[in-house]
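Some structures to go through are shown next.
First chain A sits with chain B, and in the next complex the same chain sits with chain C.
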Partner chain A sequence: MNKLSVQKFLKRQETIISVFTLLVFFAFCMLSQNFGTDSNFQLILQQVAVNGICVVGVGVVVILGGIDLSAGAVLALSGVVGGMFIKQGMPVLVAILASIGIGMLCGAFNALLITQLSLPPIITTLATNYLFRGVAIIITGGSWVNNFPREFTKYGTGRIFGTSNVFWMFLIILAIVSYMMKYMNIGRKIYAVGTNNDAADKSGISCTKVKFFGYTLCGGIIGFAGIMYAAQIGAVASTSTGLTLGTQVLAAALAGGISIAGGRGTLFGASVGILMIGIIKNGLILTKVSEFWIDAITGAIILLALALNVLNSREKRREEA
Partner chain B sequence: MKLKKVLALVLALTMIMAFAGCSGNTPSSTPASTAGGGTESKGETPTPAGGKSLFICPKSVGFDYWTACEKGVKDAAAALGYTAVFNGPSEVDSAKQINMIEDMLTKKISGLAAAPNDAAAVGPVFDRAIEQGVNTITFDTDAPTTNRSWYVGPDSDYSMGQQIAEMIAEEMGGEGELAFMVASLGAENQVAKVEGAKAVLESKYPKISIVTTVVSDDDNQKAFANAQNLLSTYPNLKGILGFAGAEAPQAAEAVTQAIANGDVKEGQIKITGIGFPSQCRPYVKSGILKQVLSWNPEVMGIVTVHVLAAMEEGRPIDSTFKIDGVEGLKIEDKNVYSGCLVLDINNIDQYNYS
Partner chain C sequence: MSAEPILRTSKITKGFFGVQVLKGIDFEVCPGEIMGLVGENGAGKSTLMKIITGLYTNDGGEIIFKGAPVFFSDPGKARDIGISIIHQEFNLFSNLSVAENIFLDRKEFRNRLGQVNWKKMNEEARKVLSELGASFDVTMPVRMLSVREQQLVEIAKAVSTNAQVLIMDEPSAALPDNEVQNMFDVVRMLKQKGVAIIYISHRMGEIEQICDRVTVLRDGINVDVLDMKTRKIDDVIAQMVGREIKDYYPHTSREPGDEILKVEEMSGDGLKNISFTVNRKEVVGLYGLAGAGSTEVAEMIMGLRLMPSGTVLMNGEPVKKNAIEASMAAGIGYVPPDRRQEGIVVNMPIADNIIMANLPKYIKKGLLDFKKIAASTAEHIKELALKCNGADQTVLSLSGGNQQKVVLSKWLDRNPSMLILNEPTRGVDVGAKSEIYRLIDELANSGLAILLISSEVPEVLGISDRVLVMCRGRITGEYKNENLGQDVLLKAASGTTGGDGNE
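Up next, the complex of A and B:
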């Protein structure tokens, strides 16, 4: 029995991505003396924190059987709105709530189109990605929102026990939402809807409500990430902030074992996925790889992680059958 | 259920209309805001067909960069006795821009200056303008493959690369490790600037070694992380040179935070590059950035109008071409360069574009 459970553990997607990430980590340690230092490790944690918060939100939506390509635009819009509140001299808490509120509105708007008009999520969020970014550009006139007071940026740049505040926030959000997904009624319903929408519907789950909840939660989490982006980076550019976030977060979630078809995977796996991407991006610069190779190598490593995942889940399904 | 669907549709429509309404307002508000400035701007210009009206078409309107440019255009046109319409698409869009140019061509304009959103796509509409006898030039962004007569810009990319290299070399005292931060490896404006900078550093400052180039894709977060990674990778790094607008300020932010965390000593890393006032202001004030190379879009607007006026009046555009109040004017081949501007603590508050 013991042997079986060990085998089962080894075949979990989270185990595979974690081991893979560790391998990548040690490879970089060997290639560069500066990579394995404590200060660089703290740097990586700080660099993945904002995207990590986003992956928790997007992970919920993908488990739900949906997809959110508008994440980058929601990040920009909520960051811009929160940043403007700060510039108006509003208390930090009010600005954070405003950002979360804007994010939730965006998420709810996505959910409205997806559930009420039955539009495919990929098309809906592809379109709203432009819409939300357009709104951000209009309200800022296309310029940056920056030059924040220190009372605000200290939340993003400060450290607790040597680790970035924002990374701790990411861990807390990950823990809360993971608990919800595993032990709370609504979390199990999200898995059920993602696994089989019709079956969930027939068994009395209101899929519409569950989807609304999932997308709105995702939007709110990204909204929070948006204001932390402003606090950490010190500037939000309506035109370019988060341009590549949507695809990057999705790649992390899939590499981390969340199934694109929904219903399978965990937020922990997705978070390890984003950590892996952060390690690759940092490590490739520290190992002094030619700038022309960085994108190609990043892509190849992510592809490898995705392939491992797909092969593993195919084998598992064969065993189950 | 049915009611909900209707509700959803109505909500979606209102949001779309609000969106369209907003973007629709942007161009119309631009002329309105300048109407007080004294010059007529839009549509039925009272100008006789004598050919004194100019159409200046930026990449888009609503951005403060273009608003500053518009001020230069309007002032210069008023001074020279021309009517200038300054209008562009509400978003950076090539097809809309070409439509606007076509519309204006039916209105008997004598001069056209465009900052093309797609340098290749404006070729045919430029040809039509030239056939009609409209003086046609580009400004801000060139379309070298078209038949435009002149290009008005701040300076050649190669020369700007040389200038920022001189600035960083001076700050570094002519020696040490230097990293390049670029927005893209392929974009012509970045490639030419990097070539210019490399040429200066290799020939004049052999003790400066270029250790690496990092690419941000114009993304603040990536530029910021790139700068942090540079600090981690090269403990002896002495300088960072930013080749696009986001690079220098994000590097300055990364260094500011690294100093606060005790990872980097104050004054150890020198940063400069291309920069815009509203983005660099906090770092210029704090002293992390001593200077950045910029250009004033207002001056570019003035020069654009003067070039069109000279063409209209048959004056030559060569070494005799001078504009009062504009220094550093350069004419090379078919390019008129309006000149760059070094922003530092003493002058940055005079400018407000981004």
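Up next, the complex of A and C:
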């Protein structure tokens, strides 16, 4: 690697957020004896796994120039439906497919409103967030779906090489979708549509199709996260599961270098972002910070990461000029 | 030039909402020919091109490509058979690499599974660009490129689809002057290869320089095709406006008044020791190529850009630095170069745009006085002969020239003693240009001091009383505009005369 490409590497948003996350990690190691242990590290990975899967989906949508605030409700709805399938005694695979299917339906519904009625994504998904959660509450009567059989929960609680199954699933999904975004034609079209909708249209790329693909993929991925949530936690609450997921995942994606304007950033960066948030939350608890302070401090650290990103891209623009 | 046209249209008609825009246009272009297409805004140029490229469908008439009638249901179809267009606003993906921008979504670069072959794509991109005489990193995101390089990417895109007809819509609009010639080299090379080129431009100098023939459209009809070997550009202009243009650049000789603006040792942000004065009743042209710093000068005078050192004096009084309110209060108005971004609020009515810089004048008891606004805007509309359906029409739907009149009215409403006009005729058609020139002349005669910043030499020479030339942040020449030659300005602007250009 020559000097220029080293500089390029150091300037990348992914590098910045990774270094920042490492700094946060070491800071907590010094602040708390219990933080830097192997078992706590595994706990963090387990805690971020479901959100990590979600950030892959939402990341795709933000890159294509959209936004998905309904992620939390989709997680709850698909988790509830998958959980009910399990309770009915359906095979686990069928339940998983049902959750993914529900997620894809939700995503396609978002895409339908956004592309056919030309509604702004932020408003659309703000509304469907209520709608999807409402459906979850109606079909469960507002109660929990829990007491799953062991044959099901083992998928969520099991470990491979000491690390949570679900975290491995997250890594696999991240790898597959990242490959798609970089090396498959559809991935490049997603970046193209996110960068310049008009130019894509004039180049013969159907923005509608690409958006449908992106939102539906996002929904399907969150649907999968929903059933894994059920398996991992052992319960899904229609009213409260994933309440803050939508904003948290969005914050992670942006902190990780995905541009809110679309077309820029990588899913890897977004995933580091979600890891950073997980580390902060876990670390604050272990350092015995008053629980009243946790949200405020988390917010402040995310803001710092975002500021670093903005400053970095501002400097880039100056170089271009 | 081979006699057989590759593309021909016959009796093309097209109407929108009952208004006939094209009234039976016959147009043709031959392989290896550069065909100019000119006409005032609204003459039907872009509608015709949109029909040829399949963006619109014609109501009547035929498009004949290589001797056979063709019909395009979408832009992809036209591109597939060999008709490409480069729009005035580039169709590029700033975040994607150069190679991707050229070959995005093309079947040759992906396998059956949809995997993209990056290696092949980059190699091909390098090849296409080197054929155009360019060599920049094809893996770089397009946002890092200069405007000229971006245009080359657009051309490469067209060439790579084996375009046999290439339509260029105002290709020089975004380019700095010194790079237009490089663009011409590429266009001539394509011509050598037998590509038929349709060159649309408002800049008559370019049309004269590069086109073999010129088709003139007026009011939806093709009025003439002129062979540029035998005809002059004045003939073209006469055909466009339908009358002889004797005084395209009206310039009354006048005696300048007292000094009003004085800039002393303005430096920083690329500028080096800029000092000059402007008098009442005088048009001072400030000419410079892109990057010379003339916009920086204007923005520092106006307080829009931080002025690291130097003084701006109005009527001998120093104007507070870095504060647009102070500059406005001192009587300066500024018409910025990018009209749509900086000059007007496109979605707002004419009236709201006009009063925007002068709201306190229209406030009565804390509320806006709409009677006064209506009276005042009606007066401006009449005074500047602004063509519109009324003061409540949105500015978006006005032509470029009329939009510029709105910007001018906004400042005239403040009764300024000095106006800085930055590229006031950019994107404005020939007829409206002439009107704006006359307006500038009248304003100067009425006592206003005018600083005209422009990168078009004929314009600067045509209407200025005095000319300043800038190059790389310095003033490299100051001339009285008497028998001043284009070459003098160009030399000073490219830095070849150094700083000894004072009269």
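We take it that the second predicted complex is superposed on the first by the 320 of 321 C-alpha atoms of A that agree within 3 Å, B and C clash if a C-alpha of one lies under 4 Å from a C-alpha of the other, contacts with A are read in each partner's own complex, and residues count from 1 in each chain.
We adopt the following convention: a contact is a pair of C-beta atoms (placed from the backbone, for glycine too) under 8 Å apart; a residue touches a chain by one contact, two chains touch by 3 or more.
Fair warning: this is a prediction, and the values are worked out from it, not measured in the lab.
Annotation: superposed three-chain arrangement on chain A; chain B versus chain C shows no clash, the two fitting side by side. In the superposition on chain A, no contact is made by A:29 with either chain B or chain C. In the superposition on chain A, contact is made by A:186 with chain C only, not with chain B.
Shared-chain residue A:264: touches chain C; no touch with chain B. Taking chain A as the reference chain, the count of touched residues is higher for B when chain B and chain C are set side by side.
Contacts of A:286 after superposition: chain B is touched, whereas chain C is not reached.
By the touch criterion defined above, A:205 lies against chain C but remains apart from chain B after alignment on the C-alpha atoms of chain A. Touch criterion not met for A:297: it reaches neither chain B nor chain C. Look at A:196: by the touch rule set out above, it reaches chain C but stays clear of chain B.
For the three-chain overlay built from the shared chain A, the minimum Cα spacing from chain B to chain C equals 14 Å.
Chain contact summary for the complex, chain A toward chain C: residues 183-186, 188-189, 191-192, 194-196, 198-200, 202-205, 263-264, 320. Residues of chain C that touch chain A in their complex: 74-76, 79, 87, 90-96, 100, 104-105, 110, 113-116, 118, 143-144.
Those residues of chain A that touch chain B in the shared complex are 32, 34, 37, 39-40, 43, 47, 50, 109, 112-113, 116-117, 131, 134-135, 137-138, 141-144, 146-147, 157, 159, 229, 233-237, 240-244, 281-282, 285-286, 288, 291-292, 294.
Across the complex, chain B meets chain A through its residues 4-5, 7-9, 11-12, 15-16, 19, 22-23, 26, 60, 62-64, 91, 185, 211-215, 217-222, 224-226, 228-230, 232-233, 235, 246, 249-250, 253, 257, 260-261, 263, 278-279, 281-282, 354.
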